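The first chain written gets the first letter, and so on, giving A, B, C and D; residue counts start at 1 in each chain.
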Amino acid sequence: MTGSPLEAEITRLREEVCALHAELTRYGLVVWTAGNVSARVPGHDLMVIKPSGVSYQDLAPELMVVTDLHGVPTDSLPGDSLPGESGGEWGNPGLSPSSDTAAHAYVYRHMPEVGGVVHTHSTYATAWAARGEPIPCVLTMMGDEFGGDIPIGPFALIGDDSIGRGIVETLRNSASPAVLMQSHGPFTVGPTARDAVKAAAMCEEVARTVHIARQLGEPLPIAPEHIASLHHRYQNVYGR
Amino acid sequence: MTGSPLEAEITRLREEVCALHAELTRYGLVVWTAGNVSARVPGHDLMVIKPSGVSYQDLAPELMVVTDLHGVPTDSLPGDSLPGESGGEWGNPGLSPSSDTAAHAYVYRHMPEVGGVVHTHSTYATAWAARGEPIPCVLTMMGDEFGGDIPIGPFALIGDDSIGRGIVETLRNSASPAVLMQSHGPFTVGPTARDAVKAAAMCEEVARTVHIARQLGEPLPIAPEHIASLHHRYQNVYGR
Amino acid sequence: MTGSPLEAEITRLREEVCALHAELTRYGLVVWTAGNVSARVPGHDLMVIKPSGVSYQDLAPELMVVTDLHGVPTDSLPGDSLPGESGGEWGNPGLSPSSDTAAHAYVYRHMPEVGGVVHTHSTYATAWAARGEPIPCVLTMMGDEFGGDIPIGPFALIGDDSIGRGIVETLRNSASPAVLMQSHGPFTVGPTARDAVKAAAMCEEVARTVHIARQLGEPLPIAPEHIASLHHRYQNVYGR
Amino acid sequence: MTGSPLEAEITRLREEVCALHAELTRYGLVVWTAGNVSARVPGHDLMVIKPSGVSYQDLAPELMVVTDLHGVPTDSLPGDSLPGESGGEWGNPGLSPSSDTAAHAYVYRHMPEVGGVVHTHSTYATAWAARGEPIPCVLTMMGDEFGGDIPIGPFALIGDDSIGRGIVETLRNSASPAVLMQSHGPFTVGPTARDAVKAAAMCEEVARTVHIARQLGEPLPIAPEHIASLHHRYQNVYGR
């Protein structure tokens, strides 16, 4: 299997996904092991995701787990599931994928434009989620990055497709790459895993800034046409 | 004494307890010298704990103090207190054990399932303790880790068994591995010292998130059966 | 072109501007790529500014972009625009200058005493900006550094001169080197880029301290003559 | 002069005072250059203090300034001011002492038991100072370290003895080693400079914790006899 383009791509994604977890800690988005990043393997029904229960300082590229888009690690797949490849092993580390893998996988199955997914319990975003309140778009940087309010997704228990379905249904009705799952925390998406991590960092930053603004009064609204103009420019002219 | 299995175990626990104090500073749970970790020596009436008054950056494994389960350093024990060993010295550094040693020791004497104890004055948990208010379980990650509210223990002065007794009586009536001692701060327990440190980090994180959520309204409740389901899954399926 | 005094000055300013971005992260003023520092090239209609979309940890002096005072990179200038020089190239890295370059350039064109400009979305300052409220001068360190309230500038969209004009008109009516652009964030100026970075750090610090003071009541006012006395001493005797 | 016991003591204190500034940044007590530590030279009318306007990362022991107890650098003293020494030079770096030197010097002249003084504008302590409100003693760690409320000192302008006088008069009527100067910030004292830095770190920590507690209700009071008992034990049995 050595040297195939797919294997090279997986090696690269393992390095990228591993390195992006350091951004989660750099921006203070996670405590202990409670956050995870994944990346789609472009052109294949595969994803790369954090192993379960490993501390951020102990992560290494070879510990990242490759699964199919139902969250099954490739070493559990029948040998013929990857045409032209001799087996499903892919050098998986024998660790379980993140306990949030089903939600990531659901997103990849239903949103083909998404190349990366991030889940955290970042403090301020989770506080909005605990009240079930969307974050209103009252900052120009929210217009740029989110194109409007950051919406709330439904309360959903882990264990089946409810979290994934809640994420997808909420994001489809919004310009935002971030959704706050009620009583739980934020999920963010992007064309790449790095974009999804940026959205996670910006989501926490605007959750915090708008929270602080509202502690002493009401933030001034921004007109919808100004929000649309900021978002259009940021996504097109500025070139996200 | 060199080379006995008990001595090897104590050497290992001194390294672990010392290293875990770095996690207290990594997660911002302590200021100056105001927090401590201990571990039970499995199968013996002994514990390993932080020395009193030493800064976190000056800690080293050989400075950790070994005491019996009444908090008496082993170098003060009569030589026959440890069958098969020639004395009570155990290479103790001549430093006093943490001023909170009596509370840790009480917990080990009365909760045989506990292998590690942590005490901090982490800011948000201590703020709830100052009002004497339990932290309500309004986040899925609280359901996972704490199985319900984080309870308040009684006001107790240092100097006798009152703190230890307050911790044990409160924890026995709760699923939570954390208790907030009134006007004082959190104590956490776990099967190992590392589990108790994780509980201390998660306790501060949920104390902070729920505080912030409540600053701008009331968090939505989570149904008791959902909390039970999250806790059961996390403790069993997910495999804590 | 090698060895000219102008080139040596630009090399020095590239190093300084690059290094000052590390102060933005040291003081927690920026997330991801959302903040920028520039410096005027003294005696020339030129400025040095952060490239667009590069992470702070990837910045290097040679990536800083040299532009004229309308924000046009020097490699786009006609060869005769710089007397005695053979072209407009200046070793520019081929990166675009920060998307906020037009605002920086406007400030340099209209405030000849300004040698450095900084823009951030630092959290507490941006929270005041979101409410459109000036920060009242209720701390002696605000009297020292800002000489009074930190004022609010108008709401302005990116894309033309409105942001720059709003900054300049607001600062001209104030002793403060900082202005909070409504719904957007702070811009600060100074005789040098380092002074502007200091003003950005102090602006966030006083925004945070006054916010926290006001959460539990009203800060005590400082008499205007005391503010004037503090500011005069700090700017003259203490020798800013 | 080389090799005299006094010179050796000053060399040691320069190293200690320099190193203690790193603790101010470690505990987040200072921004830019806005905080300072000094130490009395025991048995001499001399003190060692931070130079004015030098960034914390640029400090070095030889940059610390030696002054008399009126804040005059020793290189400005007449040669006969130090009996048995040939001059007033003491290797001073030619830098001005901190702009707060007069306040430190006043404290050393009037409180002979004080060996170290620290001034910061740490955020939460300064927020209490901005409202002119003492911090109520509602945490056991406040009883331990401060023996009661942390008091407010008068509003005082820099430039004469008013700040020093306000500190001394307030501390004389209190068990606390910390005073919050109104609209300004905290000053702390201790038998050594290290004790004063510890008091500064603990002052900010309790200012923050009590602030957060009060955001959502009233902290429970601690009975005065319990505060007295905690303070007595901490200062005597525990051995501060």
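Here, a contact is a pair of C-beta atoms (placed from the backbone, for glycine too) under 8 Å apart; a residue touches a chain by one contact, two chains touch by 3 or more.
The shown structure was predicted, so the numbers you read here are calculated from the model rather than taken from an experiment.
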Taking each chain's centre as the mean of its CA atoms, the one lying farthest from the centre of chain A is chain D
Can you check whether chain B and chain D touch via the same residue numbers (shared by over half) or via different ones? different
Round to the nearest whole Å and give the separation of the Cα centres of chain A and chain D. 47
Could you please state the distance in Å, as a whole number, between where the Cα atoms of chain A are centred and where those of chain C are centred? 33
Listed in rising order, chain D residues that touch 2 or more other chains are 215
How would one label the connectivity among the chains shown: line, ring, star, complete, or other? ring
Every touching chain pair, please? A-B, A-C, B-D, C-D
Quick check: in the complex, which residue numbers of chain A touch chain B? 31-32, 34, 52-53, 99, 121, 123-124, 126-128, 130-133, 155, 157-159, 182-185, 211, 214-215
Chain B contact footprint on chain D (complex, rising order): 27, 138-141, 198, 201-202, 205, 208-210, 212-213, 215-220, 222, 226, 229-230, 233, 238-239
